[in-house]
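By letter and in written order, the chains are A, B and C; residue numbering begins at 1 in each of them.
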Amino acid sequence: MLIFRNHPELPEPVFPGSHLVMDDRYAYLSGLVAADLPGAEAVIGDVRAETELVMRQVGRLLALAEAEFEDLVRVDVHLVNLSEIEAMDAVYAGFFPGGRFPARTCTESRRLYGGCRVEITCMARRPGRE
Amino acid sequence: MLIFRNHPELPEPVFPGSHLVMDDRYAYLSGLVAADLPGAEAVIGDVRAETELVMRQVGRLLALAEAEFEDLVRVDVHLVNLSEIEAMDAVYAGFFPGGRFPARTCTESRRLYGGCRVEITCMARRPGRE
Amino acid sequence: MLIFRNHPELPEPVFPGSHLVMDDRYAYLSGLVAADLPGAEAVIGDVRAETELVMRQVGRLLALAEAEFEDLVRVDVHLVNLSEIEAMDAVYAGFFPGGRFPARTCTESRRLYGGCRVEITCMARRPGRE
């Protein structure tokens, strides 16, 4: 049985997607951009600040699935300018203080929703679910 | 044991991929573009019509895995022009009348196979498989 | 319990990611480009040679998960020029002599890490793990 959840403190998604889908073992998050989140105005165009806002939201959604950053198995990052990868990574890495990094792919997309610089898609193994 | 299937009513894939791979719990579909499907000539270049053709094919492939649209957990959409997202979504959303939307990421790709406007990649949890 | 592994014969990843993440059933590989691998200098810019180098590395990482190419369920390929798909496929297909091809999506990304022509992201079902 799948569970489709939106975060109770966020606006409904503007697109036909769920913030979070959970099955018996995994949690799947929709691609997150800062433009969809409260506080967007102050950060859009700054890849560091966008990454921070998005990753905090990842943490909130993982919490709904009773998971943490170290339960992420796969992350897909899209940047509008691949040259900003180090700036993005400097923020991104801080969410994994134990160095248990998920498998990751980072590619360049010509344009992202809402004029954002970064979009992040996450998949996690929900702990304790056999 | 993995099962690799192509749809019996379609031409073999032109690329080294299977239309559908199934394991004991999940079904993985190759990225679908209208150019690979019967009826392509009439639709290529119209993102709405391409989306309709592709999503109908998603439904046929899910049926091979004994799954439905509401069993999709993750969908990756690629558009050549992100401005066409609302047009694509208007068609896409119609395949989920119950509003049980999978996690979704939509990005812009400079070019897609066969000159198509949209490509869709799906992953489903096969129901009833513990 | 997740296992985060880097390949013992390779340099540590230059990005905050693991070469390989394993859970009880699946193996997730980070997106691989030739630039991250020994022998890169001789191949960057040649999509065939890059594909060969990357796919050999995929095989080594799958071996760490006790898996083979035929255990791959989903592969995402990114090319900087989609016109090079046939050249890439000619090499890629050779790694699946039995024709058991994973679900695949191939899109165009304007730029890839290290000036590479191709990046490949893989997900495998680890055999014998119920």
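Basically, a residue touches a chain if its C-beta (ideal position, glycine included) is under 8 Å from a C-beta of that chain, and two chains touch if they have at least 3 such contacts.
Everything numeric here is computed off the predicted structure, so don't read it as measured data.
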| item | value |
| --- | --- |
| Angle of the C-alpha superposing rotation, chain A to chain C, to the nearest 5 degrees | 120 |
| Same-site or different-site touching of chain B by its copy chain C, using the half cut | different |
| Distance from the mean Cα position of chain C to that of chain B, given in whole angstrom | 23 |
| Overlap residues in chain C, where contacts from two or more other chains coincide | 76, 109-110 |
| Contacting residues of chain A [partner chain B, same complex] | 2, 4, 13, 15-21, 23-24, 26, 28-31, 76, 78, 109-113, 119, 121, 123 |
| Residue numbers on chain C that touch chain B, as the complex places them | 70-71, 73-76, 82, 85, 89, 92-93, 96, 99-110, 125, 130 |
